[in-house]
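Heads up, the next two complexes both have subunit A, just with different partners, subunit B and then subunit C.
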Partner chain A sequence: MSRKLFLEIAIALFLALAAALVLPRVLALFALINATVFIAMAVLALSLGLIWGFGGILSFGQTAFFGLGGYAYAVAAINFNDSLYAVPIALLVPTLAAAGLGYFMFYGRISDVYVGAITLTVSLILFNFANSTAGEEWRIGEAPLGGFNGIPSTPQLNVPGNPDATLSPQAIFIVAVFALALCYILAKLLLAGRFGRVVVAIRENETRAELLGYDARRYKLGIFSLGGAIAGLAGILFANSVFVSPTMFSLFYSGQLIIWVMVGGRGTLLGPILGAFLVQAITTWAGTEPRLNPNAILGILLMLAVMGMPRGLLPTLRLAWGRRRGVQLA
Partner chain B sequence: MDLLVAVALQVMTGIATLFLISLGLAVIFGMMGVINLAHGEFLMLGGYAAILSVRHGINLWVAMFLIAPLAVGLFGLIVERLMIRRLYGQMVETMLATWGLSLALIGIVTMVFGNTVGGFSAPLGSVQVGKFQFSAYSLFLIGAAGLLAVLVWIVLRRTPYGLLARGTMQNAEMAAALGVATERVYAVTFALGAALTGLAGGLLAPLSGVVPTMGTAYIAKAFITVITGGAAMLVGTLSASVLLGAAGVLGTFLTTPVLGEAALLALAIVLVRLLPRGITGRFFQRAL
Partner chain C sequence: MSMLLSARGVAMHFGGVAAVDGVDFSVAEGELRGLIGPNGAGKSTFFKCLTGQLRPTAGTIFFRDRNITGMQRFAIARMGIGIKTQVPSLFDGLTVRESVMIALRRFLAEREARRRAQAILERFGLDGLAETEVGRLAHGQRQWVELAMVIAPEPALILLDEPTAGMSAEETRRTAALIRELNARHTLIVVEHDMAFIRAIAHTVTVLHQGRVLVEDEVAKVLADPRVQNVYLGRQVQPA
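Up next, the complex of A and B:
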């Protein structure tokens, strides 16, 4: 492990520890739950940052796996009455869904805008389907799917093996912080290894990577499935701080997600996380101003980002910083 | 028998609607390789242009056939100048920038007109098919879709602009070397696509009503139809509209509207998987 990588992991762990120790003490309950939602969204942004920024796969429907994770968690937690079983199921379902969809797309040699069209379509189908599951006949085991209303009685995480000891919002915030740090560290390690290097090589030039003997389809499938798993984890965190509903699949979220990654910076892991925090803070603020419309702000922000800062915030800052120190960057 | 005619009319209306909402996007994608994700909002602006004109006492047909396409076409010209032109050749960046435009337009129109449904009732009354009533306006829409297809074909095949546009589409560098002002061709093409979209928005306004967020209901379907159709814009969009529109309406008729929509989307996924370059990537390759 290189020294830089070790340092970055140490900083991530330190920041997570600091946030877990300090924020639950100083933030009011409402702000803390909001912060948990922000973190869940940052995990989601990380999943798209990984597959788009490093894998070169632009998924317009990453929320499909986010929603599947949330729904799988809620249904399993209601049925088993213990989140010990619900969490692995909620990670497995979106991973398998991503693997299935990825096999369908990448082994069919579908790329670019067509991947965008298919992922968008899948999330639309799930959105329509989840909206239409109102009524008693739509239930999985004990869990009613609730149609448009979702599942307001989504259970909270509990101490493993002890279903009565559900976690407090403070504890769930701490879980979320460490989940984000863990995903970040795992992604960092993965990208530093052989698998990550091949994935980036395929993003840069798929034909060349294939001529060197790497099966691009397999690597794309791998990174896409991992992205599905991380999006599913974000879904679990979201389900624990709000509750699951069809909006998790909506174009509103998948659109915002792309904006977070775009503003934060593609090709970095920290960028999407910062982008998610920053843009959510701006939209939350715009939502409290009655004269402003959050959509207008988001849209103008995205246009400015694409036209004026196509690399995104973090890479642009890094470049400026490097120039000031006189370092030549390629 | 009556039922059969009624279902057939329903299917044809579904196909015509899909064709109308996709045509402008297809012209822009086929000619320029640009996916305009603000397409749904262009439809919305066309609808608002028509509705506001009608409210100010302008004749309904003038509003739909003249004002809506002119207003949106002009707007398209401005968008091309300020945004699309700077991003030529960068497909993903163009998609993202136009998506930003889409969100901004939704927000701004909501701030100006409020989040309420506006509309005017469909003209022409209804026709009787056996024991089923059918809106005559739907029949008119089918005719309008057919007419537009013919019109676009004539413009591209039989006019000097069409020749320049097709030449630019096939080989922009060669066209430029021969003295074609390709930038101007692109600008006119984008404005034309926007005008077609505005027209579609005006035509659909009486049926769907007009809300700031109406574009989001259309953009995904239009995008998927165009991608399924492939590069040959007219034949591709027509064949994709026929297949997907029929699947959607028949699915709705046999089950529920939600499952009908799902049938449309599922068929699109299968088609893109089987024909990764769209329907016209395999069939009718030399068509327009």
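Up next, the complex of A and C:
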């Protein structure tokens, strides 16, 4: 492991530890739950940042895996009455869904535009399906799918092996913080290794990578499935801070997700996380101002980001910092 | 002499246009073959058929006695065919070292790949540019980076599509020397427009014209052939 990578991982762990120790003590309950939602969305942004920024796969429907993770968690937790089983199931379902969808897309060698169109379509199909599950007949075991209302009775995470000991909002916040840190560290390690370097090479030039003997389909499928798993984890965290509902699959979230990554900066892992926090903070604030329309603010922010910082916030800051030091940064 | 590569009746049609029209072509192990022809003769398309970038509409291609017709390009590369394309095909966002490392990582562990990459960079005079992003390099340097990447996995057969395009006279001279040196261990097919360059490196030359083999012989004989001179002057000549 290089010194730079070790340092980045150490900083990530330190920040996670600091946030876990300090924020539950200083934030009010509502703010803490809101912060957990922000973190869940940051994990979701990280999943898109990984597959789009490094794998070159623009998924317009990353929320499909986010929603599947959330719904799988809620359904499994209600049926097993223990999150010990619900969490692995909720990770497995979106991973398998991403692997299945990715198999047809990448082994079918469809172009990038169709990948965007298909992923968007899948998330919208799931959105419509989830909305149409209102009747009593729509239940999986003990869990009613709830149609438009979703599953308000989504159980909270519990202490492993002790279903009665559900975690407090403070504890769920801490779990979310470390889940984000873990995803970031795993993605960092993955990208520093052979698999990650080949994925980036395929993003740069798929033909050249294949002419050197790499089966690009396998690598794209691998990173897309991993992105599905991380989005599923985001869905679990979201389900624990709010509850699952069809909006998790919605265009509203999938559109915002792309904006978070674009504002934060593609080709970085930290950028999408920062983008998610920053844009959510701004739109949440705009929502409290009666004279402001949060969607208009979001649109203006996107336009400003695209025109003023086409590479995104973090790469622009890095470039500016590099120039200040007289160093040309990659 | 055993044939390393053998193409029989290879054709590549795009709609009604026959870019390659029934090419019979063989290369023996250890050979250095020149492949020439005017623009539009089908040289690059033929290379794309050999490397799996295009699936031929007709014909068969054998490499080491195995039928590779229509195989995936990565599978053909793994069998030992490397190609330097006409327009350098590179990883613009990666550094020169990372690019060469990618070429080696498929079959070498990290430490050995790093050691071999350093040796290759030194061999190509690229060690001073090792940490430079490939997208920032000049055209001639990009050609060298692609050559380094292609040669790194030690393919049995190397296809070079206009390796000296855009190079200075000095770089062209170095490339000719490198190709001769490579021929000690590899079989090569070189597409080139520069006849002096072809004369300097190749013993046997195949001329493509309108997607078919016009003539194949020793370089001096081919270049003196009136049919070859005519096609390069744009006169109408019927392929064999």
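Convention: the second predicted complex is superposed on the first by the 329 of 330 C-alpha atoms of A that agree within 3 Å, B and C clash if a C-alpha of one lies under 4 Å from a C-alpha of the other, contacts with A are read in each partner's own complex, and residues count from 1 in each chain.
As a convention for this text, a residue touches a chain if its C-beta (ideal position, glycine included) is under 8 Å from a C-beta of that chain, and two chains touch if they have at least 3 such contacts.
Keep in mind it's a predicted model, so treat the numbers as computed, not measured.
In the superposition on chain A, contact of A:Ser153 is made with neither subunit B nor subunit C.
Using the contact criterion defined above for the overlaid structures, shared-chain residue A:Asn162 touches neither subunit B nor subunit C, since it reaches no partner. Within the superposed three-chain model, A:Gly108 lies in touch with subunit B and out of touch with subunit C [touch as defined at top].
By the touch criterion defined above, A:Thr284 lies against neither subunit B nor subunit C after alignment on the C-alpha atoms of chain A.
Contact with subunit B, but none with subunit C, is seen for A:Met262 once the two complexes are overlaid on the shared chain. Put simply, more of the residues of subunit A are touched by B, taking subunit B and subunit C as the two choices. In the overlay built on the shared chain, the residue A:Val200 is in contact with subunit C alone; subunit B does not reach it.
Within the complex formed with subunit C, the residues of subunit A that make contact are 194, 197-198, 200-201, 203-205, 207-216, 267, 330. By the touch criterion stated above, subunit B contacts subunit A in their complex at residues 35, 83, 86-87, 91-93, 95-97, 99-108, 110-111, 216, 220, 223-224, 227, 256, 258-259, 261-262, 265-266, 268-269, 272-273, 276.
Considering their complex, residues 51, 53, 72-75, 77-78, 82-83, 85, 89-95, 98-99, 101-103, 105-106, 110, 133, 149, 153 of subunit C touch subunit A.
Those residues of subunit A that touch subunit B in the complex are listed here as 58, 104-105, 108-110, 112-114, 116-118, 120-122, 124-125, 128-129, 131-132, 251, 255, 258-259, 262, 291-307, 310.
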